[in-house]
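All chains are identified by letter, namely A, B, C and D, in their written order; residue positions are counted from 1 within each chain.
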Amino acid sequence: MNARIFLTQLLGALGLIVILGFNVIIMDWWERKLVGHIHRRPGPMHTGWHGILQPFADMLKMLSKEDIVPDRADRLFFWLGPAVAVVPAFMALAVLPLAPGFALADIGNGLFFVFAMQTIMPFGYTLIGWSGHNKWSLVGALRSAAQLISYEIPMLIVALGILLAAGSARLTDIVNAQSTVWYAVKQPIGLLIFFITAVAEMNRSPFDMPEAESELVAGIHTEYAGMKFGLVMMAEYTAMLVGSWMIVLLFLGGWHLWPLPPSPVWLVLKLYLVQSGIIWLRGTYLRLRVDTMMEMSWKYLIPASLANLMLVGVLATTFKGF
Amino acid sequence: MTVDLEAVAAAHSGRVDREGLDPAIVVPRETWRQLAQALSEAGVWFSDLTCVDRGETVEVVAQVCASASEQITLKTVLPNRDLTVDSLWPVWPGMDWLEREAYDMFGVSFVGHPDLTRILMFDGFEGYPLRKSFLLETEEKAS
Amino acid sequence: MIEDHPRVGRLQKDAVTESIVLNMGPQHPSMHGVFHMQLELSGETILAARPVIGYLHRGIEKLAEHRTYAQCMVLVDRLDYISQYCNEWAYCRAIERLARIEVPERAEWLRTMYAELVRVTSHLMWFGSVGLDLGGWTPVIYAFIPRERIFDFFEATTGSRLMPNYLRFGGVKEDVDPAEMEALHAYLAKDLIDALDEFDGLVTGNEIFLSRQRGLAPMTVDQAHAWGVTGPMLRACGSTRDLRIDTPYGVYDRLDWESCTDTRGDALARYSVRMREMRESAKMALQCIERMPAGEVRTKVARVLRPPEGEVYVRHESTRGELGFHIVSDGSPKPYRFRVRSPAFMNVSSLPHLCAGAKISEFFAIFGGIDNVMAEIDR
Amino acid sequence: MGLIENAERPNFILTTIDTLLRWGRSHSLWWCNAGSACCSLEFAAMGGARYDMDRIGSGLVRASPRQSDVLLIPGPITKKMAPIFVRVYNQMPDPKWVIAMGSCAISGGAFRESYSMTRGADTVLPVDVYVPGCPVRPEALFYGLLKLRARVRGTSNIGLAHREPIYVPPDLPPEWEAEVREFLGEHEAC
C-alpha cells in the first residue's frame, strides 16, 4: 500500500471526526438559540458570547457525570448501542463530497453506500432502547424500529428517481447534473417526500416518536446518563447532518448556485439552511401519533413515491437531458 | 319542584328536613339505595357524596340535582358501631371515587362497591383522618 | 379436532402475547403534577387503566377544621392553584350564605371580573400543557406571555401573582387602582385577542393537532352525568349546564355573554369549548371594567366570624366545572366540617372509561383535555 | 500517606481540569422537575419568555432523572410521595443538587401539622438551596439558581460530600434585586 495515500486518508478521517464534533457543537448551540428566538426568548446568553460556549459546558459536565449502568441492563449492548448509532453516520460522511471530487472516498456507488449506512443506524437506536431494561425505552425502541423501517422505503424509491435522471450513483455526478437546474425543480414531489422521510429518519419533530418526551419520559435513552447520553445526542445530530447533506446533494444542487460559480461555500450554506428548517419544524409542529405516522408512510408516501418514480421514468425517456 | 320531596321521602320511610338552607331527605340506611334508584329514574343526577362525623354517629350526605338549578340533600345516619351502607355505585357509576374517599377518610363501608380501597392515603395508613377522634400530632401534644 | 392436538394447544398458548403493566407517574413529565396511572398495555394499546391519586394529599379538609373561617382562605387558595379567585369566591359564597352576609354591588363586579380573568389564565395554562403533551414546546411558552401580563395586573392589585387571598366575607380586600384597570382594559381589548388568534393559528389550524384530537375519546351527555363530569367537559358533549346561568350569582345575569357548548363530545370539542371560553371570559372582564359602578367594596363583618349553626352546600362554576363547598357550622369560629367537591376529582374519575382501547400517545391527548390540577384532586 | 499528601497539594494539571469541569457544570445545570404543586407553576413561568432560565444554560428540563443535575422540589412532600422523591434522587447521577422551593418543601408550610405531610424536604433528602416563599416568585428561584451556580463553580470535586446549604433570604435585599435584574433586564420582549 502506498504510504502517502494511507497517511492522507488517515488525516482526512481525523479531520472528518473533528468536523463532526464541531458540527455537533454548532448545531447544539444553534438549535437552542433558534428555538429560543422562535419562543421569543434569548436562549443561552451567559456562557461565552451569546452562549456560544454552551455546548462545551454541557460536554464537560456530561464527561464528569457519574456513569450509571442500570443493574439489569445488558452491559455489552448498553455500551455498544450508541456506537452502533454513531459509527455508520461517520462512515456515511466518508463518501459525502464537499466539492467536486473532494470526499474521503468518492466511490461510484456513493448513493447506495450512504443509504446502506443509514439503514444500520436504527439498529443502534433499537439496541439503545432495548438494552436499558426499561419499559419506556423498550417502547421507544420498538417505535424506532417500526418507524425507520417504514420510512426507508419511500426514501429509497425517491432516490431511485434521482438515480434514473442522473444516470449515475456517484454523488459527484448527481450534483454535477444539477449545475443549472436543480432536481428540486425537476422533481418537486420527490423533494417533498424525501424531506419528510429524511426528517423521520433523523427522529426529529414531528416524527420524534422514539424519544417522545411527554409520552415516553426520554424514550430510548431514558436510562442513559453522562457521556453515553452525550453520545446518543451526537448520533442524532450526526444523523441530522447526513440526512440534510443528502437532501442538499440530491435535490438542492450541492455546490452549485447557478449562475454563480460552484463553491463548497454554497453547500455548507445550504446544509445549515436545511438543518435550520428542520429545527424550525420542531418549534412549530406537534408530534404525530404513532399509528398516523405509520399510516402516512404506507398509505401515502410509498404510493406517492412510486408515482413519482414512474413520472420521472416517463419524463427521462421522453426528454433527453431531463 | 320537579320532584315531590314529601312523596319520595314517604315512599322510602324517611322525612323531609326543611330546617336548613336546602331541603334534605333523611332516610334510614335500609332504603338508601332505593331512594337513589327512584330519584335516578326521575332524572336526578348526583353532584357529591361525603360524610359528616357527628360524634356518636356518622352522617352520609349526598348532594343531588333535580334540575339545573335545584339542589336536594340526601342523608342517612349510621351509628358508630356499624358503619355500613349500600353503595350508590350501581345507580351512579361516578360515585366510585367519592365512596372510596368516604371510606378512606371516615371508614364507612359501602356494600356493593366494586373496589373499596384507600384512595388518598397509602395502603398501610392507620386510622380515618377526618373522624373527630383522629387527632393531629399538635393536638396530641396539647392535650 | 385440530385444537385438541397437544402441539397445537401449546402453540396457541404461546401465541398469546403477554400484556405489560406500565406505571406512568407519579414523576412523569406530562402528569401535570403527581398523578400515577397504571396502564395495562398490549403493544401500545391500553387494555385497562387504573388511576392512583393521593400523592399530593395534604389533608386540607382536616386542617380547615382547626382554622378559623378567615384563616381557611389560605388553604382554599392552595386547593386549585390555577383558578384561585374561583375557589375563593365559591368559599365566600358558602360562608356568606351561611352567615347571611350581604355583598356590596361593586364587590360583586370585582369578583366577577377576577373570576373571569383567572378563567383566562387557567385556560391558557391548560392550552400550554395540551401543546406540551402533544409534543410541541412552543404553545406553553407562548401561553405564558399573556399569562404573565394578566399576572402583572393581579400582582399590582392584590400583591401576589398566584395566591392572592383577596376576597373577603362580604366583599373584597380593597378597591382596584383605576389606572391599572385602564391598562388591563387596553390589553384585553386588543393584545389578548391577538394572542388568542395567534394560538389558533399555531395549534387549532394545525393538521397534526386536528388528526390527533378529532373523534378521540367521545363521551355522551348521559355518560357525563353518570360519571359526574362537569364544566367544559360536560358542555363539550352538548349539555348546556353552566352554573353561571343556572344558579345566577355575581353579575353574570347582567353581562352580555353566552355559554360555550359543542355537540361532538370528543377531545376536539373539549378543546374548542375552552378556546372559545377564553374569548368569552375576556369579553366579560371587559364589560365588568366598563360598567362597574362606584361604591363600597366590603361590608363590615365580625373579625372572628361565628356563623350560626347549620350546613350549606354551594355550587360554583369553577374553570374545571362544578366546585362545591359543603360547610357544616356548629356556631364556633372554626368550621365543624369543611368539604370540597372538586370538579377535577370527578372529571379524572372518568379517565379509565375514556382511555380504554386508546394508544399511549392518545392517552396524553385525552388526559390533557381533562385539564386536571392534582392539588385540587388530592386536596 | 504520600498519595494523600499529593492529592492535597495543588497540582497544575489537576486544578486546571478541575476549574474547567466546575465551569462546565455551573453553566449547565439541567433540571429534574418532580413537579408537584403550586410552585411548579412559577417554575414553568421561569422557563417562559420573561424569565427564560435557558439564558444561563439551565433551560433543559430533562424528563429522565438520569440526565439531570438539579432536583427541584416545588411543593409539599407527602408521606405517600416521599419514597418516590428519594427514588428519583437516587436515580440521578452524581454530582447532583437539590433545591427546595417554597415553604411546603422547606418545612411543610401551611400544611405542616397535617397527618399526611413530612416536615420538609430535608427530612428525606439532602437539600442544597432553600428558596422561601408561598409561592416562590420566579425571581427568587432565579436568585437561588444563581447562588447554586456560584456554589457549583466554587466547589472543588474533593469537597462534594461536605456541603453547607444555601439559604435564600425571604425579604428582598437591594443587591438581590440588582443581581437578578441584571440577568433579566437584557431581554425585555414581553
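The rule we apply is simple: a contact is a pair of C-beta atoms (placed from the backbone, for glycine too) under 8 Å apart; a residue touches a chain by one contact, two chains touch by 3 or more.
Only a predicted model underlies this, so the values are computations on that prediction, with no experimental measurement involved.
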For this session: Name whichever of A-C and A-D has more C-beta pairs touching across its two chains.
Result: A-D
Seminar exercise, completed: Farthest chain from chain D by C-alpha centroid distance is chain B
Exercise. In whole angstrom, how far does the Cα centroid of chain A sit from the Cα centroid of chain D?
Worked result: 36
Seminar exercise, completed: Expressed in whole Å, how far the mean CA point of chain A lies from that of chain C is 42
For this session: Averaging only over C-alpha atoms, locate the centres of chain C and chain D and give their separation in whole Å.
Result: 30
Seminar exercise, completed: In whole angstrom, the CA-centroid distance of chain B from chain C equals 25
For this session: Check each residue of chain D and list the ones that touch at least two other chains.
Result: 48-49, 63, 80, 113-116, 190
Problem set entry | Shared interface positions of chain A, touching two or more other chains | 39-41, 213-214, 217
Seminar exercise, completed: Among chain B residues, those touching two or more other chains are 120-122, 129, 134, 136
For this session: All pairs of touching chains, please: list them by chain label.
Result: A-C, A-D, B-C, B-D, C-D
Exercise. Any idea which chain C residues touch chain D in the complex?
Worked result: 26-29, 32-34, 54-60, 62-63, 66, 74-75, 78, 81-82, 125, 128, 140-141, 144-145, 147-149, 151, 161-163, 374-375
For this session: Note which residues of chain C are touching chain B in the complex, please.
Result: 53-54, 57, 59, 61-62, 66, 97-98, 225-229, 241, 246-247, 310-313, 315, 322, 324, 326, 328, 336-337, 339, 341, 345-346, 349-350, 378-379
Seminar exercise, completed: Counting only contacts in the complex, chain C reaches chain A at residues 20, 22, 28-30, 44, 131-138, 141-142, 145, 202-203, 206, 208-209, 211-212, 359-362, 364
Exercise. Touching chain C in the complex: which residues of chain B?
Worked result: 19-22, 45-48, 50, 52-53, 61, 63, 68-69, 71, 73, 92-98, 105, 118-122, 129-130, 134, 136, 139
Problem set entry | In the complex, chain A residues that touch chain C | 35, 38-41, 135-136, 139, 143, 205-206, 208-209, 212-217, 282-292
